[in-house]
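What follows is subunit A paired twice: with subunit B in the first complex and subunit C in the second.
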Partner chain A sequence: MFLLQANTTALFSVGELQLLAPELILTVCACAVLVMEVVLPYKRGKLTGYFSLIAVALAGASLFAQWYANSYLLPLTGFYGMVRIDGFAIIFKAIFLIAAALSIAVSLRYLDIEGEQRGEFYALVLFATVGMMMLACGYDLIALYISLELMALTFYVLVAFTKRERRSNEAGMKYFLLGAFSSGILLYGMSLLFGVAGSTNLGDIAHKINEVLNAPPMLEGAPTPLRPMLLLGMIALAAGLFFKIAAVPFHMWAPDAYEGAPTPVTAFLSTGSKAASFALYMRIFIEALGGMRADWAPQLGLVAAITILVGNWAAVTQTNAKRLLAYSSISNAGYLLLGLVAGNTYGYVGIILYLLVYTLMNVGAFGVIIALHRRGIVGDRVDDMTGLAQKAPGMAAMMAIFMLSLGGLPLTGGFIGKYFLFGGLLQRGATEQKNWYYWLAVWAILNTVVSFYYYLRFVYAMYFREQPADNRPLALSPALNTALVVACIGVVFIGIYPQPFIHAAQALIGALAASGVVALR
Partner chain B sequence: MSQLITPVLALLLQAEQPTTRGGVIWQGIQHPDLSKFLVIAALLFIIGVAGVLTRRNIIVIFMSIELILNAANLNFIAFSRYLQDAGYPNAVAGQVFTVFIIVVAAAEAAIGLGIVIALYRNRETIFVDKIDLLKW
Partner chain C sequence: MSDILTFIVFILLAGLAIGSALAMVAQRNPLYSAISLIGVFGALAGLYLTLAAPFIAAVQIIVYAGAIMVLVVFVIMLLNVEEEVRRPVRLRYLVPTAVLLAAVLFAEAAFILFYVNDAPAPPSPLATAEPSTTGLTASIGTGLFTTYLLPFEITSILILMALVGAMTLARRTAARPQDLVVPGAQVLPLQMVEPARVGDDTPVRSDTTAEAARTLGLNEQEQTRE
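Coming up: the complex of A and B.
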């Protein structure tokens, strides 16, 4: 398969469309889902769900073909530099597709129980996936903004999807208000960045920033004139992105949105949306603002430290499982930020591996919560897990594995991800001869210990409490079971035999760390 | 506010500084330079943020968010014009960006008002401090 470079005479060449083949497939299929929703009778509504699973599989095949055609050390650009397909984009897109497939699989049964089995749901999930995938491969502020909004707008609708449910309305409202607010701040930062660089292309911005930072001062000791504007833009961008990944000063929306949203949406929101926001964060902060690392790394380290603290300690007192997992997801955002603070191959591999494992284990955990949800029973409190080991031993075992992996027990995938994240931090501390990197790693590890307390509460409820909460059978479906088993096998497999994943992540992400833009200062 | 910000920005952008107060105003009327637009955009941004943080009516919060978006729009257009004059041909992208932002803002308003209507049907309120089912 030949992937052509941008040519300068036409608007774009047909060959360039191949760069976006997975997104195009998903978009067409999402439109087809909308049509199917109208044509099919309500009773056949589930067919749209299975169709969207097929769509995700097709997009996955197309993505694999892209990866196979090019060994991925060489980035391909198209549409006048708007789109850049490199290893980074490929691996993130794979994570989004996995998250989408698992979320669709766990939602089939849930929507039946809620009486909201409508095709729009799957279409919206597919559109959100398209937005995420464009976020991973966009290389221009305009493209990134549009795809971010495509993802965010669909998520506002998805969170408020169960219209008759008051909590869903409320969650949607809160998520919308804070999401739109954060987009505004992000945009203001982008405008200042554009003002400094004179271009919206990330490569041009990086080039210009290095020029600004390395310009000789006009007066002795005076800062470079554009530097304050650059710093202001960087801070606004960081604030907007902290909202999106739910890092601490800006995390307030996450528990409410996660608790009130329909559970499959929570699963997708906490994995896909977070991974996509990290992709955006890495694109902007490593590729465009890489030269300013000395400015943003300490700020990011501080935010990560506070995020880890608040996320873990707030989760301890929660009784609602979805809310607890929301705080856990906040603390996980903190761990993932450590990879960016580290800013070396270890850290980036850690981010990729941890996001992959996190997707599997978090969708798995929410899948078990969905299995507890039956007509008339919400099933989203930690106490609802009571006696699950007697009622459904397999389900309980999988939940235990997901929880231990979220905590980061060795031999589970969560450990491998955390190992790389913390290891990257230590390595950076050694190369830069700065102590705060070590203290940050120690801080993160200490707080990980706290996290075991609340993760083990699930295990305690499932295995060591006598009375089952109720005796009604679980709401299982083949798709849900398959998704849970796949997620569980993935988590354990990555935990026991991580080498292929590490090598793949290194090969795909290595170019990012080695790219000339990343000035290691 | 602008008295505080203008000299700083003027210094940053190396605009020449008239000596008298009347001179500043007169020069501003004659040649509205980049810093004026940036100051107005910054004020819009601050008003928007203050509105989002202090208002309780959802519709007013929407309006404040639109102000933030318009602050970014104004920045983009002012920078685009200034940078094109300064010899950056690609800077026209700023104006294109603004068109995209306006389109996205329209979509955002549609979705936001849709959620407000769904909420109002169930709760009969549009005040954020009455929307308190989900806490802590």
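Coming up: the complex of A and C.
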């Protein structure tokens, strides 16, 4: 009490806490999970998993309430401009929560099989989700960087979680070393940006950058003096973020980390972490560096083109399903970057929709791989799918749907996402009268055709190859089944009736597209 | 006058820092390297002082030269690290690459230095009437609990998470009963050595951890907490 009276300036109003209600719920529940893990016996260990699912549901409910109560007041800012709750933040947080819930549901069984049913796993997943959600709503470089580290450090531990597995340890080590290095590059870019702008707030940086770019040249024909520094910062930032989203040439860690990590972690890493990194990418590059679009769009287009090429062609030769999906995830990062290259409402809606569908179908695909996982048998080769259609017709059908959706077949969610991403590119090409946008779209579509080859290998193995001797039933669990069915229904529903999702995405992301336009002028 | 004095102090401290850094790299005994590193940290703290940042200087001494170096020395003593033996450089082609990259980095830094020098200098903090409070303990404290309150709190979650993660990775787990330790060899799954002793590995269809533990062969003692 004395302290409050002595200090005339209040630190913050308690009302601001409601801006972070979902994150607070998750943090408290994660701490509760840590306590439960100590109190409960090993046999009851799974209760912590169910509790974490409830925590995610509670956070989701509070996120929905936040949106429902404030939908006309958005954007809300708080904590001295550190936090900005807008439609962009809310929709990304929803995606993270979906990814977390599905990943927890598919990991319940996996950890049993591995004999690692420990509460820390779920606590770490929740902490990672908190980091991701702070990434979506942070509006300041410092808050964003610390949130990114919270997410990344959690994933280093999660990737190495099954300690008895050599591959898991190796994957954790590789991911940690490369991740720490890329983090340093990212931080270097941030420091250069701060050096130019003199502020870490994204809005201030955008203003300052526009000032720098529009400043009259001191000498005739000389470029603006701070421009090289700005460009260097931009490139360092992009390089650090390319690592996080696994874009070529910063993708080397992905196949090893994805293959070695426990499969539920791979699922979460390839969806949640990627979505969060995209949120960060969009925040920084659209809101802070929006004025430099002419500089970063071609660079991004080139990286996207190479990423799509390398991801798809490297996936063709893989025999390990997790590795194959890792390369598929690399190529998908390329497709998602196209939405940023397009930089219009179409492209942004495409990113949101594709990330949502990608989360559902990728966790679903990894869920089927988890269903094949048994003691002593890892079950993550493409050949392990052989005869799945006879053994578990439902499971095989769902896997087929996930694979076709990843390829982008019409009537699946993957098609809707790709349609918007490519459509945005064509629209941008039409408005800017530049041909390379068209060529990029054609390039992406051509490579999509290649991707069908390796996605259909799963379908071929499941349906058309001879049944092997191994006829034992799969390791299923109610939670795993529910997660798979939910993901499958989501993918198909978005594919057949996408209108509500498109409208929601447009309504929530609209402000961002508008801000990009303002920055362009 | 004070400018010259600052310059002399800067030269002294910078020389100490660079000298200690070189000594750290050149030493063969890891312990001497660690002690040289303390010299680097101390000199850096002095440099921070000349930049009117007493708080960072104090933190530098307390955290880096104090806590972290104690840890480093501790690890060196615990691991009983011997003197480094010079081995031939394995990746020879990396040496010219490193030199080249270092040259590029230097060129880059020089370019930025000279280029940005042409830019109109920002108004010097000394020119303003009031002395700057940046870097003072009070201003850092105020900033930490007002503007930067949220990052501060996220950092606390980060540290908690790091603790939990470190415990998770470092905790010793007992070998599973189905793993057989062959003396002088690696841990082999019992399945590979004596398939008969392992029961049917058909997974149970039920969804309880207890039953899964039974299938896995984890006995009761194993399941109790360590």
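Before moving on, here are some points about what is shown:
Just so it is clear, the second predicted complex is superposed on the first by the 503 of 521 C-alpha atoms of A that agree within 3 Å, B and C clash if a C-alpha of one lies under 4 Å from a C-alpha of the other, contacts with A are read in each partner's own complex, and residues count from 1 in each chain.
Quick note on the criterion: contacts are C-beta pairs under 8 Å (C-beta built on N, C-alpha and C of every residue); 3 or more make two chains touch, one makes a residue touch a chain.
Because the structure is a prediction, the values reported are computed rather than measured.
In the superposition on chain A, A:I146 makes contact with both subunit B and subunit C.
Subunit A has more of its residues touched by C than by the other of subunit B and subunit C. In the superposition on chain A, contact of A:V157 is made with both subunit B and subunit C.
In the superposed model, A:G184 lies in contact with subunit B only, and not with subunit C. Of the two partner chains placed around the shared chain by superposition, neither subunit B nor subunit C is touched by A:H503. Contact with subunit B, but none with subunit C, is seen for A:K174 once the two complexes are overlaid on the shared chain.
Residue contacts after overlaying the shared chain place A:A123 against subunit C, while subunit B stays out of touching range. Contacts of A:S199 after superposition: subunit B is touched, whereas subunit C is not reached. By the document's definition of touching, neither partner reaches A:K434: not subunit B, not subunit C.
In the superposed pair of complexes, A:P228 makes contact with subunit B and with subunit C alike.
Taken together, the two structures place residues 142, 146, 149, 153, 156-157, 160, 163-164, 172, 198, 225-226, 228-229 of subunit A in contact with subunit B in one case and with subunit C in the other.
Residues 9, 11-12, 27, 31, 34, 38, 41-46, 79-80, 82-83, 108-109, 112-113, 115, 117-118, 120, 123-124, 127, 130-131, 134, 140, 142-143, 146-147, 149-150, 153-154, 156-157, 160-161, 163-164, 172, 198, 218, 225-226, 228-229, 232, 374-376, 472-479 of subunit A are the ones touching subunit C in the complex. If you check the complex, the residues on subunit B that touch subunit A are 11-14, 38, 41, 45, 48-49, 52, 58, 61-62, 65, 68-69, 71-72, 75-76, 79, 83, 86, 88, 90-91, 93-94, 96-97, 100-101, 104, 107-108, 111-112, 114-116, 118-119, 121-123, 128, 131, 133-136.
Within the complex formed with subunit B, the residues of subunit A that make contact are 141-142, 145-146, 149, 153, 156-157, 160, 163-164, 166-167, 169-174, 176-177, 180-181, 183-185, 187-188, 190-192, 194-195, 198-201, 204, 225-226, 228-229, 255-256, 259-260.
Only residues 108, 111-112, 115-116, 118-119, 122, 145-151, 154-155, 157-158, 160-162, 164-169, 173, 176, 179, 189, 191, 201-203, 205, 207-210, 212-213, 215-216, 218, 223-225 of subunit C touch subunit A when the two sit together in their complex.
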